[in-house]
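Below: a set of structures, written as structure tokens.
Next, two complexes with chain A in common: one pairs it with chain B, the other with chain C.
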Partner chain A sequence: MGGRYLGPVRGVVFFAILASLPSFNLAHWILNIAVFTLMYAVMSSAWNLVGGFAGYPSLGHAAFFGIGAYATALWFQHHSISSGYEPFQLLPLIGLLAALVGLPVAYISMRTRSDVFAIVTITLLFVTQTLAFNLRSLTHGAQGLSIAVAPFSAATFERPFYYTLLLLLALAMGISLGVMRSKFGLSLAAVRADEDKARGIGVRTFGVKLLSFSVSVGLTAMVGGVWAYYEGFIYPQFAIDPLVTIAIVLMTFLGGRATLWGPVLGAFLLETAQQTLAYSLGGSQFYLVAYAMVFLLVMLLMPRGIVPSIQDGLRRRRRRATVDGTGSPEGRSRPPSAQDRTSATAMSTVKGHA
Partner chain B sequence: MTALLEVDGLAKNFGSVRAVDGASLAVARNSITALIGPNGSGKTTLFNLITGYLQPDQGRVRFGGRDITGVDAGRLYRRGLSRTFQQARVFPQLTVQENLTVAAGFSWRQLFGQRMSRADRERVGQLLDEFRMAPVADLFASELSYGQRKLLEFAAVLMSEPTLILLDEPTAGVNPVMIETMEQHIRERHAAGITFLIVEHDMNFVMRLCNPVVVLDRGREIFTGSPADVQTNPLVLDAYLGS
Partner chain C sequence: MHALIQGIILGVLTAGVYALMASGQTLIFGIMKVVNLAQGAMVILAAYLSYQLFTTFGVDPLLSIPLTTVAMFFLGLAVEVLFLRPLRREDRSELSLLVTFAVALLLEGIMSVTWKTTIRSTNTSYANSSWTVFGYQITLVRLWAFMLSLAALAFLYLLLNRTRFGRAIRATVQNPESARLLGVEASRVSALGFGLGAATAAAAGSVYGLLYPFNSGSHYDLISRLLSIVLLGGLGSIGGAVVGALIVSTSSAIVASTLSPSWSEMTFFVILLLVLLIRPQGLFGTTARGAI
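Entry: the complex of A and B
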């Protein structure tokens, strides 16, 4: 059956297309859009680990994006850039640092749930932003920090950023896939469904929550580090921006929480649309209205997002086909036929890869 | 021989309400003990105190000779003390198979293993066969009937190989056929060496299955004895009918 190979093939094709994209001599503005799209795809995937799989809607992820950005900026206040690749080599360290910072944050904030957790984490975001504004000796406050311009040739300037982000996307999606395929992900799903019950049947709820938050913010901070280097100049209001949080949450909701492709799909749809609109309509704030519209439409039409809605549709169709095919009126109470089994394995394959 | 579970003077207040007021009871190894009492007599609260879902204000709980007062519910579960809930609690977005797998009480290392390994499938398969739920193995728990969910919840706690299971109203809200099925599964597992403590309102079910019967009233045990004695005891009649 082909279903088993569908997932890997999809993944290989997806990354092959993305990897070959820069060699098509695309205009800089298109590559610029691609870089930002990848940033949001990584962050949505990372957010999905906590907001999707564990069901803890963090609104504080932009704080860790900012921590990553400032970590890069501060490091290169004191170190020089020669080959241009040093900031990328620093990324694993930044990710680790943010993941460590994330542990105590999760330890405290994850004692609350759902809406309270969202409020607690958004508070963290504003606290971090206020710190960035006010710790002037460190961050230069509202004046911002600058990083040396990367010494890449103008013709292929975006490529190192693009490929680094593509690697991060592969990492984020690889971690997501690993989570979905492991008992770790099964435990997170139990936490999402009924945390008290999960705790009562021996699921290590607190541990898995903490770990997924930590990994999630670590990935987010690495994107922040790339972003700071790409922009070359960072200000508190852009490095720690509630709109970044809103964007990644919206993208994940649009594509589908707790799925592998949902957050990526959401980011590709929304970020490309937003950037393209910004280019064609000029740098207005019109896209904020569009965000609100998308949020409303998602909630009205597909409250669970695109990917889960498609999966449900496929599942229903397949089940109808199975029932029609055997012509049995008893439906599901009859013993499973061979056909049932294949459809069940196909189903779990779809679930596993989506 | 000491009892498997010993509850000694447990008390719990919710504000000014004394939900459990110095309750003591013992569950003998390999018995099916019933816990009955009028509505509001503190049966479920007592369950919550024993299984670590609530912290008692006073009193001790011993399980297999060890003091387990205030120990976390998850740890107790891994040590072999499981429970089900009055309203069946399963994970609706997980399949029947996954609902069982997740209840196996993983160690940290197992967390990074396959979501459903071959060993998991075999173990789950056996349990599903036993419970005649193999045809629904790949359905989401949300697609099951209420009775099937109760059965699933019961099957799931067996995954941890418990020594003591506390069932909170296993027959509430399920049809008569399912009640018989449930009874049969309890008997089979009892024969295999598992001890039960059951809260139940269906007196026929209790009389058929359980011995001894502990009667709780206003947060305190008032009588312990055989099913026949319970039916004629004036204290018990008084608690149920009022004087």
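Entry: the complex of A and C
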């Protein structure tokens, strides 16, 4: 889009702004919102790897968020925190662990397709929650677990969490970008477009699905680990919460599935709005009603999300410009949508590779 | 042994109400290929309606069923027309999941605003009476609930098999294109079918409110059970939903009575995982044609 350097410039500016944000001496509640926004931005980007690129709408990601949270909490039941950075150092391990757990889960659940897959994953979420409640000797059940308070100074308490999450966001977006530019991403697009056809022309559909799920849940679990440390205590109903899943999915849908910036944009819009709503409406249940209404409106008015809608608009304008110059470029009356285009290109390119 | 048989009795008696909820859900899937994640919330809403009728007017929950089913029928109709119909065909199955989940959240929010989140239970005069047959306890409420669920299922069966509307539904389930060619109006069948699914949820909800204490958050619990049941039976098959409900409810009651109640939840999922490993389309599920 535009010049060759627009993409990298956009990325550098975005991360530069975010990295300098804490040095503006913002109030704690703003930084708190920023921390949560980054958490959801990472998780939405991670979800996008499976739900967006591969077209497998997992509703079970909150289970892995919980696994990450419990992994951190359990580790520091037996190990002490001295410098305060140990839980962050543990994160890669947690990510790896969750990615490994994700493999058999994906092996079972990805035998099914879109809507059944969603059901299987949401039941997985409830299984994990039941386990967290019931394995009392390990998780202390409904009593929850607490983690030692991080020994950071009160003035800059949020910063380590903020920067860790910013790193995770860079990682997640880097992976997304890598996926979009690789044969792996094309294979995922082919799976999304037509899995049987993709397998027919030699795409290793099962392998790429498994890998994308595994990476996706690994990232999600790392966010869970940061969250547990940030909160300092975890309860099963909050660590493994269907609303977390739904928020992630909604953000990705709002911003635009299978795009690099869509999930991040969705998270930034929704999480800030949600936190502000929660502050202003307090703990009242009207918040749930408002949330559901936003959800419904997004689904009905913008089913493809913000980023694809904008891209379509730009493309249409550009095409109109070329049409004026050279006459009709193609015989179709309707400009093909971004998804038609990517899947068609994916199909032909993957065929070329195979 | 005594605990085992008691568990089986309890399981079979509770299976009725789950069979009812699940058949509504599987019916909706059969007609529209939509997995209704709001089914649990609709059940709870109906339970609240019955509860309200009972506490303010003293109407027995079993008698308020006609009222709740009619009310929920129209609610289901409205949900279909307002939220599901506008979705585009190609991304319907994916989006409908999210839309019905949003409806579930909306209902949950409305219910918690209206009735708060305290746990309610309907205490009828016969709530605590029970019979003892050969040393096994059978509570009157559960027996009533079972009979009523059977009656509602029979009504649903007759509606589907003996009326023109039912024939249109079955035709749509079996082959939507041919049904359309033969003059079945798909959009009307979808709306009425969703309404019918909601009405079954309502009947089940009135019964559910008698059996269990509930609050607005109970629908998460219900929907996870319902999904396991319909997946186990095979999506779209009403017979499968009934068999699935029997298997799931009996086995979890057995686990509850012989091992521990807190693990009975897990039995649902263990069974589901086994089924998915061996037969991903469910016991009675077919991928090509509906199986009503």
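The rule we apply is simple: the second predicted complex is superposed on the first by the 322 of 354 C-alpha atoms of A that agree within 3 Å, B and C clash if a C-alpha of one lies under 4 Å from a C-alpha of the other, contacts with A are read in each partner's own complex, and residues count from 1 in each chain.
Simple rule for what comes next: a contact is a pair of C-beta atoms (placed from the backbone, for glycine too) under 8 Å apart; a residue touches a chain by one contact, two chains touch by 3 or more.
Source: prediction; values computed, not measured.
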Which of chain B and chain C A:Gln311 touches, first, second, both or neither: neither
Chain B versus chain C as contact partner of A:Phe286, first or second or both or neither: second
Which of chain B and chain C A:Gly202 touches, first, second, both or neither: first
Chain B versus chain C as contact partner of A:Ala193, first or second or both or neither: first
Partner chain(s) touched by A:Lys183 [first = chain B, second = chain C, both, neither]: first
Residues of chain A contacting chain B in one complex and chain C in the other: none
List of chain B residues in touch with chain A within their complex: 51-53, 72-75, 77-78, 82-83, 85, 89, 91-95, 98, 101-106, 108, 110-116, 134-139, 156-157, 160
Complex contact set, residues of chain C against chain A: 33, 35, 37, 83, 86-88, 91, 93-99, 101-103, 105-106, 108-110, 112-113, 117, 216, 220-221, 224, 227-228, 231, 235, 262-263, 265-266, 268-269, 272-273, 276-277, 280
Complex interface listing, chain A residues touching chain C: 55, 57, 59, 108-109, 111-112, 114-116, 118-120, 122-124, 126-127, 130-131, 133-134, 242, 246, 249-250, 253, 284-293, 295-296, 299-300, 303
Contacting residues of chain A [partner chain B, same complex]: 180-187, 189-190, 192-194, 196-205, 207-208, 332-336, 340, 344, 347-348
